[in-house]
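Consider the two complexes below, in which chain A is the common component and chain B and chain C are the respective partners.
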Partner chain A sequence: MDESPRVGMRSPLGRVTGLGSAKDGTGHWWAQRLSALALVPLASWLLISILTLPNLGYAAVHDWLSRPLEGFLAALCTGTLTYHSYLGTTVVVEDYVHGRAAKLLSLIGLKFMHVLVGGAGIFAILRLTMGTLVS
Partner chain B sequence: MAEFSLPANSKVRKDGRVFKAPDGATHVRVFKIYRFDPDSAENPRLDTYEIDMDQCGPMVLDALIKIKNEIDPTLTFRRSCREGICGSCAMNIDGRNGLACISACADIKGEVRIYPLPHMPVIKDLVADLTDFYAQYASIKPWLQTRTPAPPDSERLQSKSEQEKLDRPSACILCACCSTSCPSYWWNSDRYLGPAALLAAYRWIVDSRDEATGERLDQLEDPFRLYRCHTIMNCTEACPKDLNPARAIGELKQMMAHRRY
Partner chain C sequence: MPARARPLSPHLQVYRWQISNTLSILHRLTGVALSIGLVGLVAWFIAVAGGAQDYAALMRLYGGAFGWLIAMALVFAFFYHLLNGVRHLAWDVGFGFERRDRHASGWLVVAGALVLTAIALVLAAHFGGSSHG
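Here is the complex of A and B:
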């Protein structure tokens, strides 16, 4: 709320009920938990894979991600991680950013940033995987 | 943005008045108490009261009453039952929300620091403005809603296990210790209902006699009203009646998921 909720002569109950229930929130709550659950195996796989790479040079990573299963899992992990991050950071903005304009801009910025980062990550991985398949 | 420091006119001055213990006092405890007078243009301050505990009851409320009666009648606080059932004397004692009447001075080490309930508008001294807190309670319609008429010759019946479900939640005394200990409530108390109101909503949702369960859940299903709870669990930690608002909120979220999937 931009203006102090106590300004004006609205009754306390009217102030508290405000614009009413958005009849929403459960989908977000469920998606956050589900994506966290999916990340348990996916992120573990990613971490173990990176740690067991012979080295972090371009050739080793290229070799790793150009295998179909590995490429698929890495793309899946990137997507899930970005989605989970989007859900979580949205909550942070809703919690702490209170000005209407600042909140709207932050939420739009977050969404664009996550689509951009997730999209770029998945595209990069697919390019490695598919590029190898085509050539 | 959320405010992480107090506004300039709410900053607490440490150079408050000091009331020394009487000569010959042997068992002196120091009480530092938040003072704010809305009629003066001054910032809040911390006043220091030295109290001879040999001449004072054991509870924090006893000390406050002694201060008001014998040392400084300007000190303002709410109190009524002095046995933990009215919820009036909820305040922040030694950094924790609790009821002054059932908090023993002996359980606190060193100076006893007493502030009003956190992050609420202060009316005077230890009296917080609970207007919106009560309005939030009213907003969940804390009364039985039915369509089936009551039996003409008896009350609406419940089994023992049905009654037990609301036995604990209905022991809430609305002292506001839980809601005002919750950071989510601090940042968004205009839209998040807070643990006390949600526990009350839960109490009616699990009531086997109530027939408005769906409507009640509809009203709660909101990114702010219910889902600002991030399971911090300060509420359960703070409750002076040993209730568990965090668990009730968790069960509400489960019901939300259950009716959807």
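Here is the complex of A and C:
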């Protein structure tokens, strides 16, 4: 048996009771799979749309991204990509970054970065689609 | 009780390199690359929203030979991650676990990603004419 120092007078059973599963151990796993499933059509659509644009000049890209359906799908895709990327890179940091401080700071950094990237991307697309409504 | 060295799982340095672990590592590598690519995509959206001048400034960076190379590498990473992701999803619902199936689907993913990247190149050339517009 492990000879970890006993703190207080609680029995080993008493110490672990209530420290077990938080009942959401599969939450991350599921979220990664579901976002992957959603991205199969969404990300494919985004890539094919960009590849089949008449050219990558400002007018063509602006027209494409300003259309309601295209803007909506691009925003949806950006959000899902960001979420999926957050889940994936989090696992990578958890696996390869060692040391409590470095790991914690990396995980916080990843979270902030992803909220920033996803928020900025969706905001930019909304500006384009809403802009055409207002003007 | 004295501390005893615990048995370790096979270490990377003595682990025979084979298609299964190569593809697994490649899945993570392409995932991280695509995460960085996502920042580039969002920067592109921001530049479009920012107007013609912002867009032209960003496209000077993206439109060069180096930018094109990165874009094509990301397209390959995307197709690889997509196909291998579907392979993982198939495993998750219990298909393709036999050794033969695993190896066949692995090679299929690599070949598929290469073919789709080539098709993407042709599409971009056919529709885009030039990447600069």
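Convention: the second predicted complex is superposed on the first by the 111 of 135 C-alpha atoms of A that agree within 3 Å, B and C clash if a C-alpha of one lies under 4 Å from a C-alpha of the other, contacts with A are read in each partner's own complex, and residues count from 1 in each chain.
Going forward, a residue touches a chain if its C-beta (ideal position, glycine included) is under 8 Å from a C-beta of that chain, and two chains touch if they have at least 3 such contacts.
None of these values were measured; they are calculated from a predicted model.
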Touched partner set for A:V97, first chain B, second chain C, both or neither: first
Touched partner set for A:A60, first chain B, second chain C, both or neither: second
Chain B versus chain C as contact partner of A:R15, first or second or both or neither: first
Which of chain B and chain C A:W30 touches, first, second, both or neither: first
Partner chain in contact with A:L81 - chain B first, chain C second, else both or neither: second
Touching partner for A:V40 - first (chain B), second (chain C), both, neither: second
Dominant contact partner of chain A by residue count, chain C or chain B: C
Which superposed partner A:F112 touches (first chain B, second chain C, both, neither): neither
Residues of chain A that lie at the interface with chain B and also at the interface with chain C: 1
Contacting residues of chain A [partner chain B, same complex]: 1, 5-6, 11-13, 15-18, 21-30, 91, 94-99, 102
Residues of chain B defined as touching chain A within the complex: 1-2, 121, 131-132, 134-136, 138-139, 184, 187-188, 190-191, 218-228, 230, 253, 256-257, 260-261
Touch list for chain A against partner chain C, complex: 1, 3, 33, 36-37, 39-40, 43-44, 47-48, 51-62, 65, 74, 78, 81-82, 85, 88-89, 92, 117-118, 120-121, 124-125, 127-128, 131
In the complex with chain A, residue positions of chain C that touch it: 1, 28, 31-32, 34-35, 38-39, 41-42, 45-46, 48-50, 52, 55-56, 59, 63, 75, 78, 82, 85-86, 88-89, 92, 120, 123-124, 127-133
